[in-house]
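The structures considered in this document are given below.
Presented sequentially are two complexes of chain A, the first with chain B as partner and the second with chain C.
Let's turn to the complex of A and B:
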């Protein structure tokens, strides 16, 4: 008896099947941050700024547009440091103004940490 | 970081003080103290965010710096006498 069952190939399609409320389009050549990182950053930003769940949060949204002042930005950076176990320097945190920039910086620091050369 | 209490601290110095205070909170083994330090710094900085008088700004800043020095000392002392039991808030799985 042969049972024919369908195997669902979801290896390369996992990115597409995520409910992309936030990330519309990735410029693959320029972006190096992974979607999970961006997702985590979005969650932390939402929690910090107490945004309602249905509010729009794309990777390019500026924190100031969401009503965050500089203190909120520093708090967000500290939250990201704790979440990912990294240390952001003084000048690194000055340039972060969008979710995408934060995710890119996190990716770079995580890579530097795991593969010091 | 130059601690000049006579000159008004810049925004970058204030942010740096905020970050230092948040960072020193991590050195405490006690969960309650960690959370309190984080809460208290956020509340204090928000409360003083609208200060415009330079003398009050610099006095608040120097107060923050003295608190930072205090926290550093106390983190050392607390780490010498760490209790073996962790706070229940730190458990990954709730016991019930």
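Let's turn to the complex of A and C:
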């Protein structure tokens, strides 16, 4: 399970003013994907790129590092659309370069879809 | 095609990917067997061009995009059920006459 926050900010009272949040590296994830989603995405990526079973695939592995070009990324996103019953907008798919990014976007789209309007 | 965090794709690259996506979406509406055929033909065609065409050859790429979009429009027509492609191979041993 990945932690959302990359660093923990310790507030030091010895300073005159509170440290600015902008000075430390925060990664605030609005939607964090569930492990099952991440796993499904991994399976689809493996299948799409025909990766050998022993090859390492973590949520932060870049598709390009696995030998995928941008056409492969399009195919991966299309495969994910079908698996999860969602439609990814043009801009959305261009920002996907890792399993984690794909899973987070999927969770968001699934939530948007099932949320009462 | 370049890759970095939040890949910065050129306008032309985006058009190419958009066209590719369009083909894959259109293929979904055809029969299972034909869908596989379309995906195979389109995938090969795009990859071959990605390899063979100089990425600075804007005129040719624009031509390919225009042509691809016309073909995609035809494919989207529900009356179109299949595509076929013709590959010409020239071997050195072929002589006229």
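Going forward, the second predicted complex is superposed on the first by the 85 of 117 C-alpha atoms of A that agree within 3 Å, B and C clash if a C-alpha of one lies under 4 Å from a C-alpha of the other, contacts with A are read in each partner's own complex, and residues count from 1 in each chain.
Keep this in mind: a contact is a pair of C-beta atoms (placed from the backbone, for glycine too) under 8 Å apart; a residue touches a chain by one contact, two chains touch by 3 or more.
Everything numeric here is computed off the predicted structure, so don't read it as measured data.
Look at A:111: by the touch rule set out above, it reaches neither chain B nor chain C. Residue contacts after overlaying the shared chain place A:74 against chain B and chain C alike.
Contact with chain C, but none with chain B, is seen for A:62 once the two complexes are overlaid on the shared chain. Contacts of A:90 after superposition: both chain B and chain C are touched. One of chain B and chain C touches more residues of chain A, and that partner is C.
In the superposition on chain A, chain A positions 69-71, 74-75, 78, 82, 90, 93-94 are in contact with chain B in one complex as well as with chain C in the other.
Residues of chain A that touch chain C in their complex: 62-64, 69-71, 74-75, 78, 82, 90, 93-95, 97.
By the touch rule above, chain C contacts chain A in their complex via residues 1, 3, 5-7, 9, 13-14, 17-18, 20-21, 24-25, 28, 43, 46-47, 50. Of all residues in chain B, those touching chain A in their complex are 11-12, 15-16, 18-19, 22-23, 26, 42, 45-46, 49.
Every residue of chain A that touches chain B in the complex is listed here, in rising order: 69-71, 74-75, 77-78, 82, 90, 93-94.
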